[in-house]
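Same chain, two partners: subunit A is paired with subunit B first, then with subunit C.
Our next item is the complex of A and B:
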């Protein structure tokens, strides 16, 4: 069966990330840990985006969920501590997703895509204008657990990746997958077969937004500073969707492979291209949709038969 | 009272350009059936075309209007042939991802080429105003308004009087039957997509004088056009003009009457979109 051949890969990836701080990396150690941190965080984002995409919905609001989580956690962390703040940030993102989803997910899919894009643009405008977010000046965030443990941020992001992988793997190999696939392939048929289509879409969006919110919260605790342009950037949503499409949609392995390749590449390319590096993602997106719609994993799968 | 009327007048003048851009979006959505997230990028190209001609050659934006129409029509046709046509049989998610990717690519290409600065095309008549009793009308917004209405009228005549226009409406209504009657759906799609891009390109030239040219100017208009199209109803061309008027008036009112409204104007389109969708969700079962 296919499922058995995927688990060793997943375990290998996760084990590698868990052990990365203890590998003898020499002078590259600090840089590679930073790269590893971002790979874990953005791969978790990608997995959470894929979770929504499995119901056939295009979420362009993952940047907004990320930003809501980042600001929610950043504003609360000085008062209640790291973990409660992260949970609170995730709930803020989840509340935003429920608000957005309850209105748009009953309608045709393109309305959700449009509304999610508009949602993320408007939240950035509000974050710039409202008083308590610090506006365009930004918001300082304390390091996790008072900064006593230098690896704290790295392992928090590992935790988010672990959660995202577990969630995605559960959704891939449980009856929930069938409900998601039926919703994606034909809502009308799924409805007739007894799938509660709106509920499946709303649950997927809620779970995805919670993971994205957690990612945002951890991100703020690593960068120690949030600005609306950074936290609510459309680039987050672009990364979150290009990674699964490049790696292979509707799977757990695809986003993991895509995340390692693309985020690693981005961290290297950023040294040359500062502004406008999203050109690369736009080009990859177009090329993959046109020539490789099943992604890297699909390429390997086809050879295997 | 005078302030209110002046505000409404400003909103009215802006609604013409909004309607022009949104009509293009509704055309590609209604006829070709594609959700084009890159629609505003044709507008952005028109704006930069106007800026480049003005800055390098001193060419009046009035001349750029025709050039931008042709250039955008050409680019739109190429985009249709090269990118849109291959994904027409694909799932809708893939189509939306493709146009979204195109939008991201073009925006950031413009960012790399021109930087993030906003650039204004300032011909001699840019600040000219007409007085109408106690009210002021900007000459350029008035001209843009008239031109937009004129173009929309021509489009209406084209769609209702010419054989090609009738073919376009037939394809919009039914995918299969026009083919049986000998209409080449593919060529109609090409024409509709090029026309949609051309309308956005012309609007871009107008906006380079009224507003500015910048890498993100098109993206803002994509979102606003989606709000207008959602309010009008998908593919409903007749509803676009009143819906554009609603959005433009709402924005004008917010910018005049809300304290610190300058930045919040950019959130009005979301309110319009959100309310339109709430209304739609209520009506659907």
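Our next item is the complex of A and C:
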């Protein structure tokens, strides 16, 4: 199933999210809207992680990009308004990515992972110690657009998901995919074949970090409060990598399906099993990874490189 | 006729080992040159220096008259230097066609996608890989792997092609086909420098032979000429008692 025609799938998911606030869900409406918000945001994170992973860079810095975006947007939002603040947050995350990327150019796989982990830890410490971030007390963030529109945060997260899906789709169905796949499978061979490996890695990291930064910015506008432990959490990076592995790596559909199922599952389990829902969550995760090494979309057909 | 490739005083040292010592050689345009020598003579080091995967301690490399000594591998490829590896390294998760597309699309920047695809189709035909175009590279036989390695280098549209023991492991009949293929590639205007252990292949293919031993050029000339030289025989067979 080489040309897995996944556009109908993608469109279906996106349409569902776009219309969710208008579905007659009764008393479940508010809860499902919250679930939908987090599904969209963490799926966008997962797509942005996958975009970077396609070059063989295993990023543990996505929590840091998320945090940079969250703090960047949160600090600026009271002064310049919602959208400029979000763009600024994304640029801060992008600047962080370029800094990390330019010092880790020669690193690959696990070595890059360690460097990106260190990067993430350093930034959290900075957020704790610097004065203008509010330190350990945290940072209050105003709701988007002055709070006049209750669905604002939801649709902002929908926008981020839309952007992440579009980027990932472009990267998957353009020559960029071959450059990424070649870089991942052997940098030396890729270079000898003319692939500008450094550029491919930097661009991937930059694009991924912009989406992660936007996600962080929107997250702050939903929770209305940021703390270094929450915004720069390593758990965020882990979640961003678990979803693509669960759904299917190196594709757009994989993280999308993975995000909907996994984040949805987490929220549902949290509701049904008050005590120890994480045990069930973990067990399901392990089973899928054991029996579906190519993730949920592995059930659909052959993988493209 | 100009020089396709010129190597001037190239040296490389790995810790205590002098892998190459002031090696100078050249490849004429349209020529097929063999570089031979016993194991450890520095042949692979030479190829890695030429394609830019390692940096020389001294010396210069000219590609079609242009100094490429300090350029990264991808830029050398863009300027017309192609290379096939000894240990075949296909991208296993990509199809054969996609493997070639990597070379075609990125080997010459600015090439349109349509043009790259058309060129890949040509290379698939030329190398006999067309029936396997949609197979994953990870599923190929050794012979097909070898062809893919050569085809992928060809996909970058090289003016100078470096081949690292691409015949190793082939049966005599298969090697014969490969020799014919390399000739066709040369006839299409590509200069070829190849490393080879199989002497029948060297004899059949090479216009000229350079012999390396302990990182130095010890002989140069036609196959018949170098095969007669005492130093070459000693290098391969050991000194007579």
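Operating definition for what follows: the second predicted complex is superposed on the first by the 270 of 305 C-alpha atoms of A that agree within 3 Å, B and C clash if a C-alpha of one lies under 4 Å from a C-alpha of the other, contacts with A are read in each partner's own complex, and residues count from 1 in each chain.
Keep this in mind: a residue touches a chain if its C-beta (ideal position, glycine included) is under 8 Å from a C-beta of that chain, and two chains touch if they have at least 3 such contacts.
Since the structure is predicted, the reported quantities are computational estimates derived from the model, not experimental observations.
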**Report entry** Partner chain(s) touched by A:245 [first = subunit B, second = subunit C, both, neither]
**Finding:** first
Query - Greater subunit A contact set [subunit C / subunit B] - result: B
Query - Which superposed partner A:224 touches (first subunit B, second subunit C, both, neither) - result: neither
Requested in this report: Go through the superposed model and pick first if A:269 touches only subunit B, second if only subunit C, both, or neither.
Outcome: neither
Query raised in the report: Given the touch rule stated above, what does A:53 touch, subunit B (first), subunit C (second), both, or neither?
Result: first
Query - Residues of subunit A at both interfaces, subunit B in one complex, subunit C in the other - result: none
Query raised in the report: Once bound in the complex, which stretches of subunit A touch subunit C?
Result: 2, 175, 178-179, 181-182, 185-186, 188-197, 303-305
Query - Contact set on subunit C toward subunit A in their complex - result: 51-53, 72-74, 77-78, 83, 85, 89, 91-95, 98, 101-103, 105-109, 113, 134, 136, 152-153, 155-156
Report task. Report the residues of subunit A in contact with subunit B in the complex, numbered from low to high. Result -> 53, 56-58, 60, 103-104, 106-107, 109-111, 113-115, 117-119, 121-122, 125-126, 128-129, 234, 238, 241-242, 245, 273, 275-279, 281-286, 289-290, 293
Query raised in the report: For the complex, which residues does subunit B have touching subunit A?
Result: 35, 37, 83, 86-87, 90-94, 96-98, 100-109, 111-112, 115-116, 223, 226-227, 230, 260, 263-264, 266-267, 269-270, 273-274, 277-278, 280-281, 284
